[in-house]
């Protein structure tokens, strides 16, 4: 197990305005394939990545939000969402595509502190 | 003047800079800026205040992509790309707050 | 009515090029004219013919090339910005041409409206 | 004179962190060469573009701030700076490389409103 | 944890997000973030408060490039690229707040 | 001590690639090791051999190539991000190689520290 590290992916950007959310997911999947300990954090505008009901036909972009639902199949099950970020955007857990653990900003900070590798896009 | 904002109001200062500077005209929210015009959002109050000075529009394709088309605040007019073009045509100039 | 368009970001990384493209299509759908699309800053990266996006994604470069072909639209890449970023005649996609910043200023003068898309 | 339009360049970004300030200057020079009516606005972090004493050796980037001093030679003489932006950054006119006209946010807004073409990078 | 911030505090939310979330450790300001640590800047008070919880550093080459090396607020330690490397080495992990 | 580096933005538009380069030089100056530099997102644009910046400006791509040659550093460009943006073997500068995202994860596992540079 000496080759297992704790990777946390900190998602702070909205989807579609930039590609970071999509390309971050690609790294998450590969990291899981390497049997690493993977956590995802969604804070700031990153919580919008998990918003239900994304319909991208009119912007002619690919709707990649179903990939978050598929993460479980890759054993990526630790998804943490910032309570303050949801509140500032009038979102609740019911608005999200997938089950998540909601944490306070301070709890999220402590969680990130406990990781070996922090990737933020 | 048509003010075009494409940045999230909680990530960047573009919307605030526009509201601080511009006296009036129209504001069109596109891309990540559309979140500003969603009900209950921390920036929604700024948009509601702005409605006294500006006509405010939000781009429907961007609202839909982000799953928030059903949350548009009252007083903000949804437009599609055709409406975007018309807004540009109706105003003598546009200012993209990049 | 004639519209000049300025695109300041490359394909995929930011939505700017996508939105500019949809804007151009909507201009044409109204029977109006796209006088020119000028690519500046990282926007020059929209002009490389070497992109190969995943099958299930849009092909941003090809979309611009097709729009140029079908509607005879002038797609101009800024030479200085292009040299800095490795865009040359060799890797230029169909429908694009490389020229100077004067072409952007000309758009500002000749078009009825100039609309900027960027980050 | 029917081919003379009023171009305003709105500079809102700091230098060096991104290329926008430098490449905006290149457009300004060309626009002046086309004998257009050119104004430059510096607001938000854009006021930092005019800060005296930029020393770029250690970041190995080109110090382009002398170009602002050369603008006068291209008949680019209308430089407007936002008072509120200076204040928020503890800057005064003495900190700037070139003589400018300092305006309030509202005055700047009115000035931009009066232009034919607004270019913001 | 070493928190690396590279965004202007008046343009982007990165610094505020870091300060809201992180309990302690070190903060290194680089690129456009160095303005936050200049005397009298609207964000300087936030940095001064942060000094109670964090060791705060600012990258000298970026301060110099921007002409503000002589304005660094008290309590913030200037470092060069070598110092940047040492900070990364001294902390078990780094978090770039992009 | 071994450092892995991740670069998420292209040359010139953002300072990320410059800062990452200076960081690598400082690592080497201390006698430490740069285990790998991984280029992702628009960072892949650092790998095009076609850039030609003005004479009085730095040549970011060549600097990376030279660093790789002089210090035997592994410069890896993400294949998926590169295809999207038109970076291929044809236009790859010396010292760079194209490979998968697994190389980034490997950096995270094998390097003592992974440092991210972006926008």
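Order of writing sets the labels: A, B, C, D, E and F. Residues in every chain begin at 1.
We take it that a contact is a pair of C-beta atoms (placed from the backbone, for glycine too) under 8 Å apart; a residue touches a chain by one contact, two chains touch by 3 or more.
Only a predicted model underlies this, so the values are computations on that prediction, with no experimental measurement involved.
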Those chains which touch subunit E and also touch subunit B: A, D
Longest centre-to-centre distance from subunit A, chain (CA-based): D
Reference subunit F; chain at largest CA-centroid distance: B
Rounded Å distance, subunit D centre to subunit E centre (Cα mean): 27
Rounded Å distance, subunit E centre to subunit F centre (Cα mean): 24
Centroid distance [mean C-alpha coordinates] between subunit D and subunit A, Å: 39
Contacts with 2+ other chains: residues of subunit A: 12, 16-20, 44, 59, 61, 116-118, 120-121
Residue numbers of subunit C (touch at least two other chains): 8, 12-13, 15, 19, 22, 41, 57, 80, 114, 116, 118-119
Of all residues in subunit B, the ones touching two or more other chains: 6, 10-11, 13, 31-32, 61, 80, 93-94, 96, 98
Chain pairs in mutual contact under the definition given at the outset: A-B, A-C, A-E, A-F, B-C, B-D, B-E, C-D, C-F, D-E, D-F, E-F
Complex contacts: residues of subunit A adjacent to subunit C: 16-19, 59-62
In the complex with subunit F, residue positions of subunit E that touch it: 4, 6, 30-32, 61, 80-82, 84-86, 88-89, 93-94, 96, 98
Subunit C-touching residues of subunit F, taken from the complex the two chains share: 10-13, 41-42, 45, 48-54, 57, 61, 80, 83-88, 90-91
Subunit A-touching residues of subunit E, taken from the complex the two chains share: 1, 13, 17, 20-23, 25, 92-98
In the complex, subunit A residues that touch subunit B: 12-18, 44-45, 48, 51-59, 61, 63, 65, 88-90
